C-alpha cells in the first residue's frame, strides 16, 4: 500500500546503516535486513524511503501470501475478467521501494517471483498476462526477517539469499534507545534510564527462559503507561513481563527483576 | 458483529484491570488478555466497551479464519464484483473495539494482518482494493487467548506478542465469585458458599487429572439448576462433573468431592 | 432438516434424563450428551423434542462440515448472490432444538461458531452478512458424541465443553433393553431374553478384543431377522458378529459365545 | 449409474448368502459385504438386484469422493444455479439398491451421510436444499469393502459399522470356482481343474509373500487366454504371476508353482 | 490426445510381447506393462496401436491428475455449463486404445474410475452427467508403470492390479539394442558396439550407486551426439553420465568406465 | 515471457559448454543444466539464445507452479470461457527456447507435462482443449537446477532425468571470474584479485559451515559497492558475509577471513 504523505519519520541511526542503504540504492542492489522483533527495521525502511523521496509499498508476509497476491490477479466485473496489479507490480510500474516484511513467512512461490527482479535483468514477468516489466531505475526491493526464531522449514533458500546485500540489525545501544524512548514517550530522564537498564537485564535472559529479548517497542509502551501516571511496577508488569511469557516461573522471575529495578 | 444497544453488562472487577484497560485505551495501545476458560474475559471486554461508550465487534477465532474473513472480500452481484468489509475493517472505518477471542486458534495469516495496526502506523492496508486505512483515535484492538492449553503449533509469534500490553486473568477470588453467582442465579447464600468452596477443591485438580479447572460459567449453570429445584448432587454432577471429563476414574473422583460437599 | 410431523417417538427412559433435559431447557442451558454407539442418544433427542413440542433440526457432523454448512452461504442466481440460511441459523431464527450429532467429528471452526450461542449472550453472529441474531427463548442447542473412541486430535476443547451441561448415557439396563427389543421387533420373550443375556456377554469384551460393545440397534436387527424366521445362530452371526470385527480370531470367539447361547 | 436392462447376471451361490440378502431386504436392513478382491461381491449385488427386480446404482468409492458427489450439487446454467441429484439421492427418490463399492476408501464425510438412512428414520437430509427425503420401502443400501488390506486410517467407524448386517465373502470353494471358470471361458475341464488347483496353491502364499490371494477374475483371464490358444505357462505368467507381484524373488517363486502345475 | 496419422512406428520386438498383446486385445482384457525408464514401453504401445489400426490416446499420469481430467468436466460458456469429454471418455465413445503412462503416479480416484471398465461390465459411469457408457469391442485399456522406484505410498492396490494381464519389460538384449541404435542414430557399427557394451557395464551398477540403469533413450542421445561429430568421451559424459547422477563420486566412477571403453 | 530485443549478453565461457549446447540444439535434444547458485546458468542460456537467434521464454519454477501455469488455462470473459496459452505452449507454437529455471522446485505434475516433448514424439498434448501440438524444429527445452541443496523429496525422477543431456556447471575458474568482475563492476585489478582470492577461501567452507559457496553474483555486488567508494571490509561484510549465514559464529569466522584479506 502506498503510504500517505507524512513528514520524515524519526529514526535514530545505530551505525552506518543509512549510508549502506544509500550505496545499495545507488548501485541498484536489493537489500535484506535481518534483526529481532521490534528493533526498528520497519521504521528504518520508512525513514530511508522518506529521505530518498521514494514511495514506499509495504507487504507483511504470511503463510498464505501467494505470488498472485504480490503480482496481481484477474477479477470479474461486468461479465468479463480484468487484471488488477498487486503491490509488487505497482512498485515496479511506478518506481519506489517495495518492502516485504518477514519474507521467510511467505510461501516459496512468493520468493521465486523476486528472482528475475534481483539479478542483472531487473524484470518482472507476469505469466498470467504475458507482460515482462522492466524495473525503472528508482525501483528498489527490500526484504526483512528475524533470524532468531526461524523455523527449519522456513528459511530463505541460498538461491534467494545470494541475491541481496544484507544489513544485520540488533537492539539499539543504550544511548540510542534512551533517545528513542525520550522522543516517543516524553517520560522523564531518570525513569527512562531505569527502563533502559532493565531492558539490558531482561535481554540477557533471551535464549534461556525467553524466546526473544524485550523489544524497544515494548519499552516505549511501558514508558507511555508510566508517562500517563501508572505506577512503574504495574506498567512494566503489563507492558514488559506478561507479553514476554505465559510460564508462571518465568513471569515471576521477570517480575522480580522489574521489582528490583523500581524498588528504590 | 456490532452488538445491539444494551445496558452496561454486569462485571465484578478483580483488581485494577479496568484502570489498566482505560490507560491502554488512552495511550492507543493494543491489549492482550490471557486467562483460563470461562473466567470472564469476554464479559470484561463487553463491560469496558459499554463503559467507554464504544461499539464492540467480536470475532471468535478458529482454524479456518482467514485474513479475508477479517478484512473483507469481493462478492459477485449483478454480474460484477463488489467489495464487502470484514469485521476488522468495519471497526477501523467506524471506530470502536475489535475483539478477537481465542486469537491463537486463527491461522497465521490472520495475525499478520494485525501488525500494521499495532505499531506506530496504526494503519490497515487492504491489499485486494489498494486502500490504506488510517485507524481513528477511538479504534482499539483487543485479543485474548487461554495459555493453559495452547498447542505447541499454536502460539503467538514473538513478533506478534510484542505488539500488545497484556493483562493476565485468573479465576475470581471467592468473594468475587460469590457475588457473580448471586447476581446470575439468585440461589441462596448457603448453597452459593458451598459451590464456591467446591470450585476451589475442583480447581486444585487442574493440571493433574483435569485439563482445566472448572469455570465460573459452569458454577453459574449448577447454581441455576439448583435454583430451579434440582438436587445439589445431581445438579453438580450434570453441570460440573460430566462436562469436565470423560474418564471413568476422574468422573468418580470428582463426584466423590461433590458428594462430600453436599453430604451435610 | 426439520423432521416432518410424526407421533411421539418411543423412548424407554433409563433414569431421570428426561427431567434433567427439561430443567436445562427451562434454564436455557445447552446440553451435551455422551454415550456409546447405538445406545439411543438420537432417539432420546427426538423424543424430547416431540414431548416439548419443539421443531428438531439434526445435523450429522463430519470431517468436512464447515461453519458455512451450519450458518449458511451465498449462492448465485439470476446473476446475483443471495443468502441461504444453514440449519443452525434456521433453528435460531425459528426456534426449536438444533442437534449436532457426533460433534467432535466436525472441524474446529464449526464448534467455535457455537460459542456466542452458549454463553449469556445467546447470539449467532453471521460474519458474511453482518447480521447478529438473538436466539429466541425456545431455541436450544444439543450436541452429542461418543467418548469411547475419540481420536486424540478429535476432542472438544475445554473452552467448548465448559459451555454445556452434560448427560452421560450408557447401554440400557436389561429390563429396559428387553422392553426396547419387544417394541421394535415383536420377537417372543424367550428369544429376547437370550439376546439380552448375549448382549451383556459380548459387551464385556469391549476394550479388549472389540473397539466397542454391541449396540441396542444391532440387537434389534438380530431380533428382526429372527422374527422373520431366520435361525438364531445365523441371524446373530450376520447382525451381531460380522458387524463387530474383521479379525478372524475375534469373529470365531464371538461366534462361539453366540453358539453357546443358542445351543439349548 | 442405473444399469441398462440386461438378463439375470450369472452368479454361483456359495452358501445361504442369497437368502440372507433377501431377509435383510424384507426387513429393510442395510447390508455390508466383506471380502477379498475379485471374489464376486459386485457380481453378487448385480445378481440380487436383478432377482429382486430392483434398479441398481453402483458407486466406486475413492479418496476424493465427497458427500456432494453422492447427494448432489448446484450447477450454474442460464445465469442461475440449479440442483442436480447425486446417485444416492436418485436411489432414495426412485427406489432400488444403492451400492457403494469399497466404502472404506471414501472420505469420512461420505459415510456420515449414510447415518440417517441406516437407522429407524430412513431419511436423507439434503442440507444444501433443505429437503428431507423419506426413503421408500423399496430402497436398500448396500456397501462393501475388503478387510484384507485396510489402512489403519481407513476403516469404518463403529458408529457406521453398527448400522449394517454383514455378510462375509471369501474365494469360492473349488467346485464353485470350477463352475464359474467353465461358464466364463469355455476352457476344457482338465485345464480348469489344473487352474483351480493352482489357485489354491497360490492363495496359500497370501499374507506371506503376497498382499492378497489370486482372484477368481484373474483365473478367468488365464482361462480365456488358454482358451484362445496361448500356452498355459505363458498365459498363467501373464494373467496370474505378473499381476500379483513386482518383486523378482516372489515372481520367480510363483512362476515355479505355475511351471510345476503345467509340467505334466 | 489422438495421435495424428503417421507410419507404423519402428519397434524391435524382444520376445512374444506383440502376440500376447494381440491375444489380450482379442479377449478384450486390459493390459498392464511394467518396466524401467526408457526401455520402450511407450513406443511399444504406439507400435501396437498402429499395427492393430486403432486410434491411440495417451495420458501421462501425475500427482494432480484427477478423475475429472480423465472423464470430463463441465465448462461455462454463453452463461451456461456444457460438458467436455476427457480423454478416457473419448476413447470409450469412439473406440481405440487409452494408454495411461505411469499410472501409479495418478491420484487414487483416477484408478478407481477404471474399475467398472476392467471387469465383465466394461462400462464407464459418468457420475456428473448420469451417463453409463458401454465400451465398444474395439476399446482397450493399457496402463504402464515402473516398478523400480515405486514409492511405498504409490503402488497399485491389489483390487486394481488384479484387473489386468501384465507384461514385464526390461532393457533390450544387446542385439536388439544394437538394431535400435543403428535405426535411430545412423552411427557406425563399431561405435554402436562400444555403446552397447558400455550400457551393460553401467546397468550392472543400478541398485548400488544408481537409482536406475541407463536407458536405451540416453544411448540414442549419445549415439546422435557422436554421429554429429562430438568426441565419444564428451558425448557419453553429457548424455550418459551427468543425467544419471549428481553425486561427485558416482559421476567420477561412471566417467572412468566411459573413458576405459573409449580409450582404445 | 519473451525477452525484449537486446544485444548479445556478455558470457565468459568456461569450457566447451557453448559447443555442447549447439550440438544438442542441432540434434533436437533437450538440455539439463546443473550447478550452484549464481554461477551463471541463467546468463549462459540468455547468451546461447541470443547467439542462436532464438526467442527465449524463461519460467522460474516454484512449489505452486502447476501444469496449467505452463500449458495454459481457460479464462472467463464476456460470459464465455476462452483459452490462454501458457509460456510452454507459446514456445512450442512459435519456436524458441523454453527455459525452466530450478525445475526441481516445481510440482510433479509440471515435469510430467514435459515427457511427450522430450522423447521422439516431440509433442505437447493439451488435455483441456484436446489439441496435440507438434513442436517445430526450432523449439528447444532447457531446464536447470542446483544439485547442492536438493531436498530428498525434491529431485527429478529418473524417468524425467533420462530425457535430457546434461551439462554440469561450477563456479568459474579464477581467470574467468576475474574477467566477469572487471566487466560488471569496473573495479581496479588489485581489488578484483583480492576478491577472487577471497572467493576461493570462502568456497572452501561450503558443506561445512555454509550451505553453499559464495556466488559470482555476490562478488559482483561487493565489487560494485567498493567501486562506489565503500570500504572493502564493510562492502564484503554486507555483500558476502551477512547474505551467507545467520549463525553468529559462522558470521564471525567469515568476517575474520575478509578482514585478513583486506588487512594489507
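A, B, C, D, E and F are the chain letters, set down in written order, and residue numbers restart from 1 in every chain.
One rule holds in what follows: contacts are C-beta pairs under 8 Å (C-beta built on N, C-alpha and C of every residue); 3 or more make two chains touch, one makes a residue touch a chain.
Here is each chain with its UniProt name: A, B, C, D, E, F = AAA family ATPase.
Note that the coordinates shown come from a computational prediction; the quantities given were computed from them, not determined experimentally.
Engineer: Among the other chains, which touch subunit B (AAA family ATPase) and subunit E (AAA family ATPase) together?
Structural biologist: none
Engineer: From the C-alpha centres, identify the chain that is farthest from subunit F (AAA family ATPase).
Structural biologist: C
Engineer: Comparing centres built from CA atoms, which chain ends up most distant from subunit B (AAA family ATPase)?
Structural biologist: Farthest by centroid: E.
Engineer: Tell me the angle, as a multiple of 5 degrees, of the rotation that maps subunit E (AAA family ATPase) onto subunit F (AAA family ATPase) over the C-alpha atoms.
Structural biologist: Going from subunit E (AAA family ATPase) to subunit F (AAA family ATPase) via C-alpha fit gives 60 degrees.
Engineer: Given that subunit C (AAA family ATPase) and subunit D (AAA family ATPase) are copies of one sequence and touch, is their interface built from the same residue numbers on both sides (over half shared) or different ones?
Structural biologist: Different, since most residue numbers here occur in only one copy.
Engineer: Based only on mean CA positions, could you tell me how far subunit C (AAA family ATPase) sits from subunit E (AAA family ATPase) in angstrom?
Structural biologist: That pair's centroid distance is 52 Å.
Engineer: Can you give the whole-Å distance between the Cα centres of subunit A (AAA family ATPase) and subunit F (AAA family ATPase)?
Structural biologist: Chain centres of subunit A (AAA family ATPase) and subunit F (AAA family ATPase), defined by C-alpha means, are spaced 30 Å apart.
Engineer: For subunit A (AAA family ATPase), write out the residues touching at least two other chains, lowest number first.
Structural biologist: In subunit A (AAA family ATPase), residues 76, 79 touch at least two other chains, as defined above.
Engineer: Start at subunit A (AAA family ATPase), step over to subunit B (AAA family ATPase), and keep going round the ring; give me the chains in the order you meet them.
Structural biologist: Starting from subunit A (AAA family ATPase) with subunit B (AAA family ATPase) next, the chains run A, B, C, D, E, F.
Engineer: Note which residues of subunit C (AAA family ATPase) are touching subunit B (AAA family ATPase) in the complex, please.
Structural biologist: Counting only subunit C (AAA family ATPase), the residues touching subunit B (AAA family ATPase) are 16, 20, 23-24, 26-27, 29, 32, 34, 66-67, 74, 76, 79-81, 107-109, 111-113, 115-116, 119-120, 123, 125-127, 130-132, 134, 147, 150, 157-159, 161-168.
Engineer: Residues of subunit D (AAA family ATPase) touching subunit E (AAA family ATPase) in their complex?
Structural biologist: On the subunit D (AAA family ATPase) side, the touching residues are 1-4, 37-38, 42-43, 58-65, 69, 75-79, 86-87, 90, 101-102, 105, 146, 148-149, 184, 211-212, 214-215, 217-218, 221, 224-225, 228-230, 234, 238-239, 242-244, 246, 251.
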